[in-house]
Amino acid sequence: MYRETEIIKDAPQFGEPGFGDLVINVGPQHPATHGVLHLIITLNGETIKDIKPNLGYIHRSIEKMCESLTYRQFIYVTSRMDYLSAHINNHACALVVEKGLQVEVPERAQVIRVLFDELTRIASHELWWGAMAMDLGAFTPFFHSFRERETINVIMEETCGARLTMNYYVPGGVMWDLHPDFQKRVKDFITLYKKKIHEYDELVTGNIIFQNRMKGIGYISPEDVISYGCTGPVARGSGVHSDIRKVSPYSIYSKLDFDEVLETGGDSFARYVVRIKEMHQSIKIIEQLIDNIPEGDFQAKTKAVLKLPKGEYYQSVETARGELGVYIVSEGGTTPYRIKFRSPGFSNLSALNHMIKGGKIGDLIAAMGTLDLVIPDIDR
Amino acid sequence: MFIKDYIKDIASALKSLATGMKMTGYYFTHHKEIITEQYPDNRDTLVLAERFKGEVVMPHDENNEHACTGCTSCELACPNGSIKIITKFDVDAETGKRKKAIDTWVYHLDLCTMCGLCVEACPTNAIKMAPTFEHSVFDRNKLVKKLNEDGSKVRAGVE
Amino acid sequence: MGAASLIVLIIAAVAFSTIAILIAKVVTKSTTNKQKGEAIECGIPTKGPSWIQFNVGYYLFALIFLIFDVELVFLYPWAVAVKQTGWMALIEIVIFFFILFAGFLYAHKKGALKWV
Amino acid sequence: MWSFSEIAKNIDLWLNDLVGSTWALVLEMVIAGVAVIGLFAALGLVLVIMERKVAAWIQIRLGPNRVGPKGMFQSMADTVKLLVKEGMTPDGADRLLFNVAPFIAMIVAMLLMAPIAFAKDFQLWDMNIGVLYITAVSSLSVIGILMAGWASNNKYSLLGAMRSGAQIVSYELSGGLAILAVVVLTGSISLTDIIKAQENGWWIFKGHIPVIIAFIIYIIAVTAETNRAPFDLAEAESELTAGFHTEYSGMKFALFFLAEYINVFIVCAIGATLFFGGWMPLHIGNWQAFNHIMDYIPSSVWFFGKTFFLIFLIMWFRWTFPRLRIDQLLNLEWKYLLPISMINLLLVTLIAILGWHF
Amino acid sequence: MTNEELKVKLTELLPSATFEEGGEWLNVYIEPAALPAFAKQLKSDEVLQFDFLFCLTCVDWKTHLTMVYHLRSTKLQHAVVVKAKLDRTKPEIETVSDTWRTAEFHEREVYEMFGVHFLHHPDLRLLILPAGWEGKNPMRKDFEDPVNMIKL
């Protein structure tokens, strides 16, 4: 309808705050930052001239902590990084330890891991969807998305014993076998999801106000996406082929039939569409696997005390927010010598200033919503 | 045509708004869809998954015996030091041999992150996670618990 | 009750608000400290003054509004008289709107209706 | 059948007998003042619980359900909570303006009550320029908001107030033009006359499509004028934390809150009066039997029923739609609502002159 | 490109570079001074096109610091690890944030955690740590903080 937003392709250059400029702190206690992100914004009227992020309000130095934890123990801390895709973080750590130990993970464990990864991805996107709509001023989607997310949480709780920070993956497999009800529960979830998913389009995607708030906002070009190191739906919204599950497949992803969702818009709406379509792809993966869980062990035999050979190990996985890399430097001991988490949110946040410069305050909220920032993931 | 596009725009916009309102209207009139749980009221019927990791407990059987030998592998496995095992030496009444046993199994619930690594590490399955979650107390010290009961012993045959 | 009702209403509003605030003053226990008096800005002390000249972006809207609002006031007597006047009223208003609309289109062309 | 007007008349007679005409007038004023305050408070309580319940049911929740039966006294508990909260004034604030702003908001909300006909022959002041009065007074509410936003010495408040200024200034035009559609059809700006003109059917049914368009424009414009979502930019909580009342707490906040709900009630009452006949029961042309049955329902029930339906509509909007951005909001007004309402007014004029309306 | 081909090509670009294999990817050790020019070449070279810096970090080896740059090409899908040894007492290196803009934030993180000074960085301030932490570098191995650290 009254679509007027021009895509600001080249971020305008502004000088230092001058006459008539307001410097406003958004966050750390702000409803739209989903946590304790602190942005120092320079405003001219309603137009944003500059954004300076200020991080670290929940920095726990997880990397330093991991240096004193053994290879079995450090996995649990990573659940607390990006708490919305805790399983996938754990997966990355388990994979990197297995890579160092050269352990063959049983087929059953791999399938279980992929199933839980995809369920986590859906749950994460559901929460993002609700929270993003809430940022834009619509409260109802938040509650509707939690209805489906709750179903996933129940599945998690039943098998893993927790709802958010599960610590279910261990080096060599998973901690326990699946709960007997797992398959039935997942199928129930798929039925519910398919019954309710059209409401997402009715309530939000098709809404004219929503589309106008989203289209043309927070544009970032493919070159800038690569330069800023953005990954995940942010990169794919600009058409950059960046899904780690396709780029360098891990676990059993190379054998699965799913598509990498690519949109070429580069704006908030493209990122939104990518996430919505990714949920469908995750459902597709779950449907392929849920009836074909192979029998066998759920955990490979590993030694009681794990020692990674001297060397450097890197493994990246695709979390709900993008590429999570785990870089371990081992000196041959029981604990990592140095560990580095390349978190997706950190790089995605660095592109925020570039995206929003010259936009309005409302655009900041809309663009930040589609970046899907999880603050513990950025601060670590 | 400008006017035609203009009207078309408005029509499609109104339609999209009406679609959303139809959906919310549906939920407004269909109270069966409500999913709220009324938590403190449904305590009696609340079923938690049996695997739910709420706190570490040490099951004792009817003879007040448990399976913990005091090997401290759980203490070593714990990533944040919420377990502290104080051992003592028991004298076996029949053979007269001195045997290592636990004196106090201290559990810091206030430090615990419910990762379940201690349960995994236990060689004798002496501890397990219990599906409880109402841990709030006014004094933090109350969260430091002694898991083995007074006068309890190691079950015979557990090594 | 007539025009006196307006005085009654104003007194009622003031009385209601005053009583409510006074009751609240009596009931609550008030403390002061330095942090309490700070302006709320997400927990960070404000940087620079808030009372500055800044670009509100709708100065032109206000001007155009003025024109249209005056027009709206003119329309009230016209609207009351439409039925008696008949066709003449329609012709007059078409001319009136035509002039207004021309000005409106001009403003639009000039970019006055764009929030900056 | 009893009616409000007869009760009022009887009280008037009784008081005149008792204390003489001068004191009777004073006493009547006091009674009216107390009644209005009572209505104010009652409306606040009812609308807050209504909003919360509507929101809850749309959001597949139960909503308040602890205080009283089904949580019906929740808003009482809210009031008590707000009453015992400390009302703070920030150090840097302009104290006079800061404290006066809620009074302005309340006075404006209260003044708008004057011409509304709550039931048959029951209104405070049957003024002959009712529509004009409402248009004029309702635009004053922006002053309270601007004062509050400016006086707070808070950047969020300032931005919220400025937005609110632009918004209310703009949406007044299309709202006024939508009201004019009914004025043209009636040929009068007295609310009594407008209600009388709907004796054989409400304007929304009698006036063909142009009146329906006028109604839609009216409901959009008043949603914006009362700062309700999706036009709640002045207090957009995800952008400006709480907009112009960020710094307000305790009872002063409650007054703003109350004024907002009363404003919603009033604009809906005006909407009901203009397009749905106010207290006028549902009459269809000359179906005497049907009209007679409808007359059995008291006129105040008709009035409140229609008003609350419109209030529900506005609440329904709020819990369905996302918020607009400030420039989109103004675009909607200046590029869509204003031209459409102008053309619509021409169409209505045509209908009125040709006498096509029923 | 395979690791062998990369080795040949990189030696062409920078003869002083030394290589180390064994990990997943080829490790290139370079002199810190050669970094900015080398980085630009890595990005712009037709057959290399390392346009994506996906991980930038630092390792404290107690005797020296090592900057680690993980690079990948989004078009050609090969990867390389560039490393540069720094003096531990006065660590300084040129910024690469003009080549890969993601480095701006990562370098700020390394700056506060390891105390590495990035020359010509556009905005080298503390990012995560609160004001007043300058000079103390938490991720170094010899860092002790009696207040905030809990020893297990």
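We just call them A, B, C, D and E in the order they show up, numbering each chain from 1.
Everything that follows uses one rule, which is that contacts are C-beta pairs under 8 Å (C-beta built on N, C-alpha and C of every residue); 3 or more make two chains touch, one makes a residue touch a chain.
All figures in this text were calculated on a predicted structure; none of them were measured in a lab.
Leaving out only chain D, the chains are still linked to one another by touching in one piece. With steps allowed only between chains in touch, the distance from chain A over to chain D comes to 1. Computed from the mean C-alpha positions, the centre of chain B lies at a distance of 52 Å from the centre of chain D.
Taking the mean of the C-alpha atoms as each chain's centre, chain B and chain C sit 56 Å apart. Mean C-alpha position of chain D lies 63 Å from that of chain E. Within chain A, contacts with two or more other chains are made by residues 1-2, 4, 22, 24, 30, 43, 46, 140, 147, 203-204, 207, 209, 360.
Along chain B, residues 10, 17, 20, 23-24, 35, 79 each make contact with two or more other chains. Multi-chain contact residues of chain C, defined as those touching 2 or more other chains: 41-42, 46, 50, 56-57, 114-115. Put simply, chain A touches chain B in their complex at residues 1-2, 69, 72-74, 76-77, 140, 147, 150, 154, 157-162, 165, 167, 170, 175-176, 179, 199, 202-204, 206-209. The touching residues of chain D, counted against chain C in their complex, run 25, 28-29, 32-34, 36-37, 40-41, 82-88, 90-92, 102-103, 106-107, 109-111, 113-114, 124-125, 131-132, 135, 150, 152-158, 162, 165-166, 169-170, 172-173, 176-177, 180, 183-184, 187-189, 241, 246-247, 250-252, 254-255, 326-327, 330-331, 334-335, 338-339, 342, 345-346, 349-350, 352-353. Residues of chain B touching chain D in their complex: 10, 17, 20-21, 23-25, 27-28, 31, 33-36, 38. Residues of chain A touching chain C in their complex: 4, 19-30, 38, 40, 43-47, 360. Chain C makes touch with chain A in their complex at residues 41-44, 46-48, 50, 52-57, 114-116.
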